[in-house]
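Each structure below appears as structure tokens.
Each of the next two complexes has chain A plus one more chain, namely chain B in the first and chain C in the second.
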Partner chain A sequence: MLHTMDDTTTADPPVTPVASLRGLRVSMARNGVRSTVIKGVDLDIRRGEILGLVGESGSGKSVLSLALLGLLPRASAPVVSGTLTVSGVDMAAGPEEERRLARGRDLGVVFQDPMTSLNPTMRIGDQVAEAAGSGAEAVRLMRAVGVPQPERRMRAYPHELSGGLRQRVMIAMAIAGGPKLVVADEPTTALDVTVQAQVLRVLRGLTDDLGCSVLMITHDLGVAGQITDRVAVMYAGRIAEVGPTAQVLERPRHPYTLGLLASRLGLTTERGAPLRTLADDAAPDAAPAEGDTGCAYRTRCPLAMPRCADELPPLGEAATAAPTAFPHRSACLLADEARQRLLGDAPAAEAAPEPVTEDVKGERAERAQPIVSTTELRCDFTVRDRRGRKATLAALRGVTLDVAAGESIALVGESGSGKSTLLRVIAGLETSFTGAVERPGRRLTQMVFQDAGASLTPWLTVRELLTERLTGLRLDRRARRGRAAEALRSVGLPEEALDARPAELSGGQRQRVALARATIVPPAVLLCDEPTSALDVSLAASVLNLINTLRRDLGMTVIFVTHDLSVARIVGDRIAVMYLGRLVETGAADEVIADPKHPYTRALISAVPGLGVTLPDIVGEPPSPIDPPGGCAYHPRCAVAREECATTLTGIQLVPIGPRPPRGSGEQRRGVACVHRGELR
Partner chain B sequence: MTPRFLAARAASLLGLLLVLSLVLFVLQEISHTDAVAATLGANASPEAIAAERARLGLDDPAIDRYLDYLGGLVTGDLGTSFRTKHAVTEDIGTYFPATLELVLFSFASALALAVVFALTSVLRRRGAGVFRGLLFLASTAPTFLLGIFSLVVFYLQLGWLPGSGRLSGAHEADGPTGLLVVDGLLTGDPALSVDALEHLLLPGIALAVGPALAIGRVFRSSLLGTLDAEYVRTARSKGLTERRIVLRHVVRNSLNAALSMSGLQIGFMFAGVLVVESVFSWPGLGSYLGASIPVSDFPAVAGVTLVLGAIYIVANTAADVLQGMADPRVAR
Partner chain C sequence: MTATVTPGAVTAVDGPPGRGRLPGPRLRGGPLLSWVTLGLAGLVTVVALLAPWLAPHDPVQSAGELYAPVGSGGHLLGTDGIGRDLLSRTLLGLRTSWLMALAIVALGLLAGGVIGLVAGAFGGWVDAVLMRITDLFLALPGTLVAIAVAAALGSGLGNTFLAISVVWWPFYARIVRGEVRALAARPHVEAARMAGVGRTRLIVRHLLPGVVPSAVITASLDVGSVVLVLASLSFLGLGQSAPAPELGADTSRALPELLAHWWIPAIPGLAVMALSLVANLAGDAVRDLLARDGR
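For the complex of A and B:
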């Protein structure tokens, strides 16, 4: 790695970086097996910059952040070599006392889940004051990060705050004492989309107002594109590419970055065609073994050459690049050729299924009849509110929805919108509701959940999980085995996987097994509850492709719940946006995205992160479905609300707008629940 | 902690006490102890027996008798002992302080041992392993064996500590509380306290070892689990010292299971104390009960059972309330 170090020393600006990593290697033991998680990383974090660290799960980005903090879990017996200095303190090998003081003085940290990252039995004020030194300073910090009425919140416990407020409290603790570097590990991943935008604004403000640097770890290139100055892309413990954000995301030079960007969903991703994915998604075990000397990405790289197996590509600049303070480096032997070759050729994707929407449109005429239909569906739960009193949670507050046979509809909403409850009612899993629901019999509906790991019985083999659904079909052993193998093939898994148990499979493979299980007896309706939200981008893309293919091959109706509009746009012919138990807008996916009619849909769309997308100024968080606001539930956050919105009943029913679709086309008219009836500026 | 949480705990406490009284009443009904024969003797005339039955209300319907019984309990009337001819309440008043003092001392020792065991083990202090081993070894023996063993070693062989009773002959026990250590302090007689403590040591520790290990283990595993929690990582990222992290963030979040276990154990200790009392000739409820059972002195047995049961229930309620104080999410 010597040449890389030379590169760095000549090209870096003279200012001392806040953090400096040279030849950093970290190995950790898991279940008695030691593996190298960070395999030689050189990186500087400069004063006042936001550096994005992007990568898929297992790339080592979180381990890197814990190493920076000197907080690698003791249980996994970490071994660190190379140098790692944060504002002059050796965080790799320095005395523990020095590292501890550095954490308090120079470092701040924001973790992913603010609920589990705050002490549940300690008042917010005490927790912030512990970092800030005094109660008064704690109040000041909480006000600085936008916690309303901080004096009052001081006495609250974490469970009494909303997710967005909790994360602001975390940030307040992170900036206590004026740190030089704040490490933010996926700080918005657990938050709602509209809240994510707000928290990103706070983080962006840290560097602008306090001049501290931020290391922003994220799996989402869009988030990185939105707030970072520079981006480092990690793959298998090494940096694949690093440079100014705009350059890396607009003119990527590493095949991996190119692949990641291609598989990322945005609001402009082409619909109807299969999504691009990285090769070998389902089999990450194909990655090179410990001690391999070549490029780790070669097993998935469409441009891999024999040389790639022997030579570790240095992190280098393009030969033509002018010397700059912010070099754009890529660890690929092909250097800039990679980009040309990849974008010149047709990109390597999965065996391409034909476009989906065209086929389906032809059948529209036959499916005017709804297969699932709900009328004035209401669903209340009795729960305990944040203060422990009995309260009624109104999960659904009058949902009327028709889903035509063969149609695919995406239910979009944030937490508390009732989207999952609606799905559970349709699945027959939730029975305490009023109103009417018509659906095909239980055997004809199948459900796929977010966490495939938890929804597959751990002690059963894949074969048992699949054939379980064939009982009652009077098939003999061989026929059952055949059906199981066929179902696995249809989801892109080899027959050998039949004898595996869920724990032996990767997350993507488990989600495929869940899909195979749901479709081994083709259901009339496939219900999906965020099946891709826990997966890496490329895996998510391939699961979405799979759902679209299965839908086309089996002629299924799909009802897909998601919080992500770009996912909704890909899977749904139609999108239904939900807010606090009601539908606020429905319509063809393209139209809803291109021309949203409800202010809430507009806010949702503006909150979808992406490179060059300015952070929107969104007000408030989704309120609790316990005691939701009266009238139109969105009015407290709505920029165009009128006085009557607080009380009116006219704004809460979907009203048809726009042109009536031709008779017999099977298409449904757009609907919006707003006093403005879609007549927005 | 909300008033409604406290109200719910109080209601469940009363409910359990009611159930306990009902169980005792039913036991009394089906136990065929003959209160009349016990008072009048075997040779009483049928008329005298009938008169006595009427006087005692034994021919009334069961529900009336239960209500009478319950009324008696509320006013502190537990009946008259067949054996001592004293009111059971009075007898219990005589013997209970000795048992209470022993159990309180023993429970405090158990808590101290448990905390030392858990904290030294979690903070990886030296000697934690040895301490754990000793505690484990001691707790494998049944309490009576441990008691006899410690009597033989520390009293008979080494002669370090007294082996029976609550006091040496030199002292008189007539303080206000009946808890001799406390009385010694209250009446300005420290020698009395010291003497009482010396007598408490052997039976107290013998009784404490088992519960100490049970509570300590639960506490230790909660502590270890809590140390892995993400908010502990957050606390570390603030640059706090390990000591402060454990005391401020870890201990309180680990108390829950240990408190439940303590509530259970203090109940068990009141049962275990009966055995220890007989080994160390301790003049407490155990000795009283031991004398009452062979002569079928039902009022005495029922009275002691009621007191011990009530203590068990109150201890567990106290553990619940403490849990609510430690974790605001419980007390909702």
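For the complex of A and C:
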């Protein structure tokens, strides 16, 4: 839903903005070193608009939001200059009491993780009522943000609610008292895609129904594209580009925005070629040193000129632009030329890279034999339920899956779908299961974890982490060092990284080390557990490229777990969709995305945020795997459910549909577990 | 010129300053105060080791005037009722207390550490058996054990050492075991198992280094307590037997003289206090330095 402001608004008398930032600079001390995090930001947040603030980690967007709230951590001794007013109150230098009152009266805030912002010892109702003033008002607010049965939920504690409901409660508290501005810092990042869509709807509704403004901080341009009116793209503490969402996303004018958009994965990203990434994976805080006068992006910018080092480009409009209340400004010396020059070059760049998936497909013949195979895999955990009673959590409820040698398969699902458990069973890390698993031995099965930082032993050097996998190969020290250096080179890290410890590396570098560790002795099967979900878009794209390259070079089978269908499409020849411990659909990646046969796959695809994609109408959240619904577990949320779905035994079996692939092709038929057998309207 | 992006998977990451910086020379040296405190503890240790040579007089033989006050000629800290040089007695008492405290803590750390590491890393029945034994020792009241040992084997420095050692290690076993359990649940241990790392290497390289800081911090904070326990046992007459110098025993024996000749009990008493203070400050310094180094 792109809310483009039409030109009639220009005729309106200029209204005072809700929040106004002029020449804002914030410097903070970290480990005794002072650095300027915000380097001069001019920004207005207007009445009733959703302003998206987009940037990579380290761009300063969260510091900006904390400054706006007057909540900069005192421990880091922030120094603020410039002006920062929220509905007339000086949030930078005003008296503390005045700022506190302004926070209560005019500001609301929604953080990424509602579990840490809600008080775990207080009932939801009491917390909302505290902000709202009365119990009745609390119920009204909770109803307004779509909490079902708010009267009942009032008595619940935060841990008894799902993630989506908690975030709704946070929003209810944020809008209590009718604030003029709600600051939402990555409010949907921790949520499942289908839930994300619902929460975004609520946020959009806030401005439409209540007329309050929202500052929406996000790293995802797709999310910004769905609900914001205007977008400001931040880079290294400055605004690189700002303007109406549709204009910024469709006709970006800053090379950085262009790069971000190009490296962003969507359901239409080309599959064969390597993904585009921003030059130099180093995070933006690797930007020029303190006191630098040039454009911070020039170190990564493909259009950088000598002038860029000396001159700080002002945030300017295109020369041809008609005067408007919502100008589209970009801080680049090249102005509109940047876009033309970059896009003009684009086809050449696309032609160059060698195809990735095609190569592998050539080896289809020898692929017929499954290398990993699971039969009727079931896995139960004993847990405490929300009331503290013992309960059984059925993580896997009969999963039969064959993965052919050389194939790459993406396991897709939301939280609680059992995708990670399946991966852990295949890895041999989870041993309490019934059913059968066949896989190559431990040395031939390697795994890359979601949080590379946590998966690398912090006190060991990269050299130790790599060479300890070479024991038993009877190599001398020099040979080991050579192998380790070679493994690092293959993941794009210099040899000097051998002596680094994980903490000295950036997130992307750590994930590369984890990949080098997994592939220094080439495995037959590489298991990946969301290795890119914690990375910035460009970094994620480069890690995905790396996985595809390694796979091609080493002839590995890849099993890749992800919650993101656009990622699944890039890494997987085949996609297997899971829901509450069962496979609901399998098939070739392109076919599954283009023509989903299961209603759940459809919902997932529609929920992938994209540019110009309208917010889908999805109901419900994934139910708890403790006591899942009977029959087809998806039936309570399914738009095409029939009566039989609640009890069906056949509807949960993965049955082959569609044409049979030619014999010996090694391809597998599509499968769907649905009473409709893929015959959806 | 290429377009927006660098095509191809692999972008070499050179070392721009910032978070992704590859290591250059590592900066050492931290808050000055911590190092000064540690230096003080080191000085105390050197003094303790050299005490027999530093002491100006024989600590058990009369060295002149009786009841010489503090600061009198030739006796910096005065003499006691039978003319023994108090400086010499304090130096040698300090030697006993300090070295014994260090030894007890080191021994406890070693024994408790190994038991805790094995229990935590292996889990299951190994853990259960080792920890129940630990609990058993943990349940023994230290002072009573010392009294019992002294009663059974006679009082003496060696027996006191034995008694405190027996009750001291279980603390470390518990701490180390708990830390190991917590570490073992962290992803890097699972990743190491996945990488095919053997059990011994897993324990020694992937678990042990993570436990050392907290164990060493606890232990260094404990040195002060052991000094006090030793002194109080000697005060009760269970430690060093007369006439050998021991700070707690000297304080105790001279207590009746407090009003007439305050310095005789006060000096060994103050020495105990100073020792335990230095030990605690050094423990804090160790904690600050290790915590700063990070995991």
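Some notes on this structure:
What we mean here is this: the second predicted complex is superposed on the first by the 655 of 681 C-alpha atoms of A that agree within 3 Å, B and C clash if a C-alpha of one lies under 4 Å from a C-alpha of the other, contacts with A are read in each partner's own complex, and residues count from 1 in each chain.
Simple rule for what comes next: a contact is a pair of C-beta atoms (placed from the backbone, for glycine too) under 8 Å apart; a residue touches a chain by one contact, two chains touch by 3 or more.
In this text, all values refer to a predicted model and were calculated from it rather than measured experimentally.
In the superposed model, A:F449 makes contact with chain C only, not with chain B. The larger set of touched chain A residues comes from C, when the choice is between chain B and chain C. In the superposition on chain A, contact of A:E504 is made with chain C only, not with chain B. Contact with chain C, but none with chain B, is seen for A:T457 once the two complexes are overlaid on the shared chain. In the superposition on chain A, contact of A:A131 is made with chain B only, not with chain C.
Of the two partner chains placed by superposition, only chain C is touched by A:R517; chain B is not. When the two structures are aligned on the shared chain, A:R478 is found in touch with neither chain B nor chain C.
Residue contacts after overlaying the shared chain place A:R663 against neither chain B nor chain C. Shared-chain residue A:E468: touches chain C; no touch with chain B. The touching residues of chain A, counted against chain B in their complex, run 69, 71, 73, 75, 100-105, 107-109, 111, 113, 116-122, 130-131, 157, 159, 170, 173-174, 176, 384, 387-389. Chain C meets chain A in the complex at residues 1-23, 186-198, 201, 205-206, 209-210, 294-295. Only residues 58, 255, 258-259, 262-263, 273-274, 276-283, 285-287, 289, 299, 302-303, 342-343, 345-346, 348-350, 352-353, 427, 429, 442-443, 446-447, 449, 451, 454-460, 464, 468-469, 471, 490-494, 496-497, 499-501, 503-506, 508-509, 514, 517-518, 542, 545-546, 548-549 of chain A touch chain C when the two sit together in their complex.
Chain B contributes residues 2, 4-5, 228-231, 233-241, 248-249, 252-253, 326-329, 331-332 to its touches with chain A in the complex.
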